[in-house]
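Should a chain be cited, it is by its letter among A, B, C and D, assigned in written order, with residues numbered from 1 in that chain.
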Amino acid sequence: MTAPKFAGIIPPLCTPLHDDFTVDTASLRRHIDFQLEAGVHGVFVLGSSSEVAFLPDRQRQVVIETAVDQVAGRVPVLAGCIDMTTLRVAEHLKTAEAAGADAMVVTAPYYTRTHSAEIDLHFRLLHDGTELPIFAYDIPVAVHTKLDRQLVLALAADGVLAGVKDSSGDEAGFRFLLKGRRERGLDSFAVFTGSELLVDSALALGADGAVPGLGNVDPAGYVRIHDHFRTGDTAAARREQERLLSLFGITDVAPPARMGRGSAALGAFKAAMKMRGFIDNAVTAPPQLPLNAEELLQIKEKLAESGLL
Amino acid sequence: MTAPKFAGIIPPLCTPLHDDFTVDTASLRRHIDFQLEAGVHGVFVLGSSSEVAFLPDRQRQVVIETAVDQVAGRVPVLAGCIDMTTLRVAEHLKTAEAAGADAMVVTAPYYTRTHSAEIDLHFRLLHDGTELPIFAYDIPVAVHTKLDRQLVLALAADGVLAGVKDSSGDEAGFRFLLKGRRERGLDSFAVFTGSELLVDSALALGADGAVPGLGNVDPAGYVRIHDHFRTGDTAAARREQERLLSLFGITDVAPPARMGRGSAALGAFKAAMKMRGFIDNAVTAPPQLPLNAEELLQIKEKLAESGLL
Amino acid sequence: MTAPKFAGIIPPLCTPLHDDFTVDTASLRRHIDFQLEAGVHGVFVLGSSSEVAFLPDRQRQVVIETAVDQVAGRVPVLAGCIDMTTLRVAEHLKTAEAAGADAMVVTAPYYTRTHSAEIDLHFRLLHDGTELPIFAYDIPVAVHTKLDRQLVLALAADGVLAGVKDSSGDEAGFRFLLKGRRERGLDSFAVFTGSELLVDSALALGADGAVPGLGNVDPAGYVRIHDHFRTGDTAAARREQERLLSLFGITDVAPPARMGRGSAALGAFKAAMKMRGFIDNAVTAPPQLPLNAEELLQIKEKLAESGLL
Amino acid sequence: MTAPKFAGIIPPLCTPLHDDFTVDTASLRRHIDFQLEAGVHGVFVLGSSSEVAFLPDRQRQVVIETAVDQVAGRVPVLAGCIDMTTLRVAEHLKTAEAAGADAMVVTAPYYTRTHSAEIDLHFRLLHDGTELPIFAYDIPVAVHTKLDRQLVLALAADGVLAGVKDSSGDEAGFRFLLKGRRERGLDSFAVFTGSELLVDSALALGADGAVPGLGNVDPAGYVRIHDHFRTGDTAAARREQERLLSLFGITDVAPPARMGRGSAALGAFKAAMKMRGFIDNAVTAPPQLPLNAEELLQIKEKLAESGLL
C-alpha cells in the first residue's frame, strides 16, 4: 500500500438530519458543494462533528455513500469508523470501503480500559483487513486515552498508519510528533491538527493540514489561512484565525448549566449552517438538546459580526 | 408498565467465543446451566464482563437469543443494550425485545460529552419506545460519567427506570440511593451493586442483589452469601465474601505493564471458567491480549486454594 | 518504637476561629470537652476538617498545644502534619512532637507529581526522624494520589507506619487492606475509615475505628454506632448511621453553583457546632465563602429533625 | 498601583542545594550570573522548577534574598508564593516583599476543593494586602484547577492581577486569553507562557514572554528565540526552538517506572546545570530520587548534541 498524500483543509462535515433523524441527503449534498466551492482540500465524514456517535449504522452508511457520490472524486473523502473495539470497527471499515471512501479514521478503543500494547494490536489488525489508508484519530475527550507518540510513529514507520488527526489539545505533544516524523523520514505520513483555533500555529509547526469543525460554518476562512500560510503571509493567516476565534464564540451561547458542550457546539454549527443556507434543518440527534430562540439570535449576530450574513 | 421485581445474585455472564470470535453457543448454554444449577436468581448478558464492547451486533444478538432459549424462563434474563447514544441504543433495545429478554440495561451516553438533562432525556426516550423494564447501568469507569442520584430517583419515581446496577464504586453514594428509594417509597425499584467484592456489605445496606463478575467463576459462592444474609448469618456471609476476595486475585496475575486491566480480568475469568469445565475456549476478543502459561498456572493455583479445582 | 493501639471513634476536629482567623482556643477547649463527654476515643486535630490547609503554621501550633493541654491524656491526640513534601512535613512533625501529640498523620506528597517509590521514601525518611507513630492519610481528593495498598502494608510491616486513615472512598480497596493486614499478622497496625457515611460497614469489615467529620456535630451518634457494633446490635448501628446520613445533608444546603464543596461542608459543620453550643463563632478561613441566612435556617431544621436541637 | 511591565525570557530558576538540602547560595549566585550574561529579561525564583514544594520556609526566604541581592536590580525578580490557601500565601507575600522581590506569583488554592468564586476572593484578598504586582500562576498539573479565563481577565481589569504565567498546556485557551486582553485594552497585563516547548508559537500569538524551565540549562537559546522573533526571523526562532525540543529529551532519560516525572525533569535540569558549570551540586530535595550514572551519561550526550558541552 502506498499512502496517498492528504493535505490542506479537510473539514469534519456535520450531518444534516430530517426531523425523524434520518440523513437529509439533499442538504448534505448542498453542504458538500458549498465546502468544495470554498476550496477545501478534502472532506471528513463521520467524525465527532458529524454526530457519528449518535447515528445508527444505516444512517452512517448513507452519509458515506452520499458524500462519495457528491464529491465525485474532486477531493479525497475520509470516513470515520468510530466504534469501541476492533471487530466492531472492522465492520465499519468494510462499509466505508464498499462505499468508496478514500481513507478511514479510527480511534483507540474506548468504553473498555485499554493499554498501549492493545492499541497497537488494534490498529495492526485493522490495517491487515483493509487496502485503504488508516488515520489515527487522537481524541482523548471522547475516548479517554491519549495516543502515545512513540506508538503512533512506530505504526507510521510500519505502514500501518497513513496519518493522524490530533484532537488531543496537546500542542507540545503535537510538535514532538512532527519532529519525530521528520527525524524518521516519514514524509508520506500525514499529520493534521483537529483544533479549529490553532490552524495557523499548526501549519507553522509543519502540520500538513487541519480538520476544523468550525469549517462547517466558514470553510473559506480556513482555506484563506491555508493560502496565506502557503504564500508566507503569516500575519494575514493570524488575522484570519483570530476572526475565526471570535466566530467560535457561537459554540458558547448555550450555557453549561443548561446543556452539554457537545449539544452547544454542534447545535451552533448546524444553526449557523442553516442561517448561511448550507442546510435546511438544524436539528441534532437525541439526546442532544436544542438551542433556544435567544441563543439562535446570538448566533445570528456573531455570524453578522464575522461578515458571514 | 409494572416493573417485575428483580432480586438476588444475577451474574453478568462472560461470552464464550470460538477462535474466530463468533459466539460459542454450546459453551454459553453449558455455562448458563452451571450458573442456574448453582442457584443464581437471574442472568445478565451483554454487560461489560460479556465483552459487549467487543462483540459485533450480530454476535450480540446470538448471545441474547441463546441465553433466552437456554434459560427458558427459569430466571429473568437481563440484556445489556450498550451503545453511545439514544438512537443506537434504541436499536439494541429492539433486538433485545425481539429476542425475549426480560429487562434491558442501559448506560449514560458516552464518547460524546453529556449533561444530566441529556441523560434524563436519553432514558425517557428509550422508555417511551419499549414495553420492557430498563435498568440504569452506572459505570463511570467505562462511560466517564457518574449517574446523578437525584436523577436516578426521579426517573424511578416516573416509572422510567425499573432498577439500577451500580458499578460506580461509590459506596456512600450507593447508600444514599438506597435511602432515597426508601424515603420515596419506590419499593419496586431494584437496586443492585455491581461490585463482586462488597456483596455482603451491599445486602446489609438494603440492596436487592448483586451482579458479580466473579460469579462467572464461582456462582455458588455468591449464592451462599445471599443465603447466609437471608438467614441472618452475617459472619458466614462475610467469610464467604472474603474467600471470594482472595479468588478475585486471579484478575491481577497479568501485570499492568503488559496488558490492560480489562484483558487481565476477562482473560482470567474465562481461563478459570474453562478450568472449571464451564466453557471450552478461553479466548477473548481483540484487541485484548491473552494470558501466558505462567499466568494461567497462577490462576489454577488460586482456584485450587479457593476449593474450586 | 512500639506503636500504641488506636481504636474507636476519633473525630477530626474542626478549628474554631475568631473573626481575625486566629484560633478561638476557648471554643476549641469547649468543643473538645463536648467530644470527650460524648465518649470519643481520641481526637484528630489538623486534618482536612480542621481547615489545616487554611491555617498558618503559628495557628496550627496553637491548635495542637491547646488540644494536648485540654485533652490532658484522657484520650490520644493525633495531629495532622499536612504539607507538600518531606522537609516541610518534617518541620510540622517537630512542632507536633514538641506540643505533645501522640501520633502524626501524614499524606503522600502533593503539588509535585509523585511516584510510589518516592512516597515510600517520604514515609521512611519521616519515620527515621521521629519517635512518634505515623499514620498514613489516604486522601486522593486532596493530594490526587491514591496510596498503593501493597506499599502501605509493606511500610506497616517495616514499622514505618502505625496506621492508616483511609479517606479514599474506595471501599473494595479498604477491604483488601484489612485482608492484607490480617494475612500478614500486622495486628498493631491500625486501620481507620475516614468516611462518616460508612462507619457501621467499616467496623463490620474489621476496621479499628473511624474518623468522622460529622462527628464534630454529633459525636454521640458515632459513639453509639461503635457501641452497638461492639455489642453485636448491627441493626441499631445501621439505624444510627442512617440517621447520620440524613444529618449529613447539612453539607449540601449551599449549592455547588455558589461555592466549593469544602466551604459548604466545613461551613455547615461549624454552623451546626455553633447552634449546638460547642463553639462561639462559625467563621471559616479565606477564601472559603460563608453560608447565607437561608442556608443556616436549613441547617437548623436538619439538626432539629435529627434530634440535636 | 501601576504594574511595571514584564516581558521577555524569565526562566524559573532551579534552586541549587547542599547535601543537607540547605540552599547553596554561592551556586545560586553563579547560576543567576550565567542567566543574566545569557541575556534573560528577568528571573523567577520559587516556581515549580525551583522545588518550591520541597523547600522549607526558611530556605525559601534564603532563595529570594540571595536572588534579589545577586540580581541587584539588573532585571526584575519574580518570587513564587506557593501555598495552599489565602492566609498561608499571605505570609509568603510578606516574606517576598521584605526580601525585595519585584512581583509575586500565586496559584489557585489547592489541597482543598475550590470554586471560581473562591479563587476570585483569594486573589483579591492577597492583592489588598500588598503593594507588589501579583501574577496568577495557572498550573493545573500541580493544583488540579484550571484558572477560568474570564475570571483572570476580570481580575486583570480590576488591577488585581498584573499578569499571568500560563503553564496549563491549553494553547487554545491561551490564545483566547490574549484575544481577551486585546479586546479589553489591558495592555499592561502581562501574559507569559510557561511552556519551554512552544515559546516561538506563544510569541507569535502575542505573548509578552516565556518562563521556560529548560532555560536553566540553555538560557541563551531562549534569548535567541526571543531576539529572532523581535527581528521577524520566525524561521530562525523555530529552528532554535526545535533544537531545544531535542534538548528537552534530557527530562525523559529516567524511566517513568523508576521515578516521578518531577524527579526526572528537575534531576535532569540540575545535572545539566552542573555539567555546564552553573552549579556545584545536582542534588534534589527528598523524596525525589536521584538519576543514576547511565542516565547522567545520556544527559551529557544530549548536551553535547545540542552544542552545550
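One rule holds in what follows: contacts are C-beta pairs under 8 Å (C-beta built on N, C-alpha and C of every residue); 3 or more make two chains touch, one makes a residue touch a chain.
Just so you know, these numbers come straight off a predicted model, no measurement behind them.
Colleague: Which neighbours do chain A and chain B have in common?
Modeller: Joint contacts: the list comes back empty.
Colleague: How would the chain A/chain D interface be labelled, same or different, where same requires over half of its residue numbers to be shared?
Modeller: same
Colleague: With chain centres defined as C-alpha means, what is the inter-centre distance between chain B and chain C in Å?
Modeller: It comes to 35 Å between the two C-alpha centres.
Colleague: Mind checking the centre-to-centre distance between chain B and chain D? Centres are C-alpha means, answer in whole Å.
Modeller: Inter-chain centre distance comes to 49 Å.
Colleague: Which chain B residues touch at least two other chains?
Modeller: none
Colleague: Does the chain-touch network form a line, ring, star, complete graph or other?
Modeller: ring
Colleague: Within the complex, which stretch of chain C touches chain D?
Modeller: Interface residues on chain C, with respect to chain D: 21, 48, 53-57, 59, 82, 84-88, 91, 109-115, 117-122, 125, 141-144, 256, 258-263, 285-289.
Colleague: For chain D, which residues count as touching chain A in their complex?
Modeller: Residues 169-172, 175-176, 179, 195, 197-198, 201, 204-205, 234, 238, 242, 245-246 of chain D touch chain A in their complex.
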